[in-house]
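Below you'll find the structure I mean.
Letters A, B, C and D mark the chains as written, and numbering starts fresh at 1 in each.
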Amino acid sequence: MPHLTTIKVRGYHLDIYQHVNNARYLEFLEEARWSYLEDSGDVAYFEQLNLAWVIVNININYRFAATNGQTLEIATKFSQIGSKSAVIHQVIKIQGTDTVVADADITFVCLNRKTGKAALIEGALKERLEQHLND
Amino acid sequence: MPHLTTIKVRGYHLDIYQHVNNARYLEFLEEARWSYLEDSGDVAYFEQLNLAWVIVNININYRFAATNGQTLEIATKFSQIGSKSAVIHQVIKIQGTDTVVADADITFVCLNRKTGKAALIEGALKERLEQHLND
Amino acid sequence: MPHLTTIKVRGYHLDIYQHVNNARYLEFLEEARWSYLEDSGDVAYFEQLNLAWVIVNININYRFAATNGQTLEIATKFSQIGSKSAVIHQVIKIQGTDTVVADADITFVCLNRKTGKAALIEGALKERLEQHLND
Amino acid sequence: MPHLTTIKVRGYHLDIYQHVNNARYLEFLEEARWSYLEDSGDVAYFEQLNLAWVIVNININYRFAATNGQTLEIATKFSQIGSKSAVIHQVIKIQGTDTVVADADITFVCLNRKTGKAALIEGALKERLEQHLND
């Protein structure tokens, strides 16, 4: 089961087209990722290792225009763990329906905060992230 | 020559990492697109035809973390015109340098506001957009 | 008992000072007001009467700088009902403490959407809003 | 002459009412303040003294609802210098008209970044800020 976050669409999320603005969805996705990473213990784990998540790519499909009053359900899960980067896949649906509002792949690297460079995803870190593939 | 928009990074654009937040870049890109489409006359042209731009995909690479006080220069141009969708390519650099902060492809369809459906990009509309490939 | 809304502070809410940005608090307050007005049935009531809330003044005190990971609790209640305008008072605290992060008075008028003019707050509308003073 | 900043209203600044959202105006005001403080040399001066501006109150009147395509002109000036706090007054107009969209008083203290406490506004700092009253 992927991790679920719900967000209710409000009037201030909309733009001139009366739909949720394209940039706002990225805040919704970020909210859902922090919620997931906090619940999984990864926020604490990363702080302990002095690592930070740094996004290198976002590829998002906008499929259905959500509007005021709708409740969005965001499913968040790791979909790919490489040696230098990993991918989180997120799907936003109208809650209680099969209507996909947007789906996105978020590719990030693990920044070593001491060196300022991307850390290799290997050893215990790799094992931990790979376990998430089965979440 | 692609169309250029400049934006100065301010403290309120940053997030916990002291870099411009990933969602804020999408607002910067949107600002640059409207500036371009206004200057090119396309905003007026689309209104006349009762068409609206609807984004279906954004694929953005984050390459360098911009921070407070830097001036960003955003180059915006059409890169691809299909029969159902078109692509605008945007590159954000630190002004006066070759440092690429982010680059993105924005894929959109032309929504017919009367029917609520995507319009085919053909005839005069296609010609007009294709001319932009040489901007 | 005033109506309560909780919001967890995330990294994207912060600015260069590593505190929640002054503008973002207004979104938090707006979130809490819609939640309150929805729960009280006022959103539906206003739609039925073709009225809209239009803010004419916000007076907000910033008392304590909230930061990442803190959970904010926003208390929302009507504090004053006049003949032309009404006031909603909101207090943001760190959840589970007496630390006031911000408090604000939001003054609004009831816009008649047909005429585009402010409606008098009288009769049934006044009675309904005045009942909220005891919420 | 007060310092002037112009901002063009775009579709992503609007909300469900098709007007600029109340929170967004605070970003417009912040943009104008940084532009002013940068031009006046105060950003550099404050950094040198290890001081930071911390907002303690914003009192904003919303007088006219700005919408897409309008250019806003924001006038920014110091209006009051006390011993513990100072006030910046800002007025947003539709450019080229007398239509006031919003006006606001921003009260701030000067935070000593070493001690984390508000600094007294006295001596050279007071003189410098008081000169701005005549800008």
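Going forward, a residue touches a chain if its C-beta (ideal position, glycine included) is under 8 Å from a C-beta of that chain, and two chains touch if they have at least 3 such contacts.
Nothing here was measured: the structure is a model prediction, and the numbers come from that model.
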Chain pair with more C-beta contacts, A-C versus C-D: C-D
Most widely separated chain from chain D, with each centre as the mean of CA atoms: A
Rounded Å distance, chain C centre to chain D centre (Cα mean): 23
Rounded Å distance between chain B and chain C, as computed from the means of their C-alpha atoms: 35
Centre-to-centre distance between chain C and chain A (centres being mean Cα positions), rounded to whole Å: 29
Per-residue multi-chain contacts in chain C, two or more chains: 11-12, 17, 21, 23, 27, 30
Complex contacts: residues of chain A adjacent to chain C: 10-12, 27, 30-31, 34
Complex contact set, residues of chain A against chain B: 17, 21-24, 26-27, 30, 52, 54-63, 65
Chain C - residues contacting chain B, complex: 11-18, 21, 23, 68
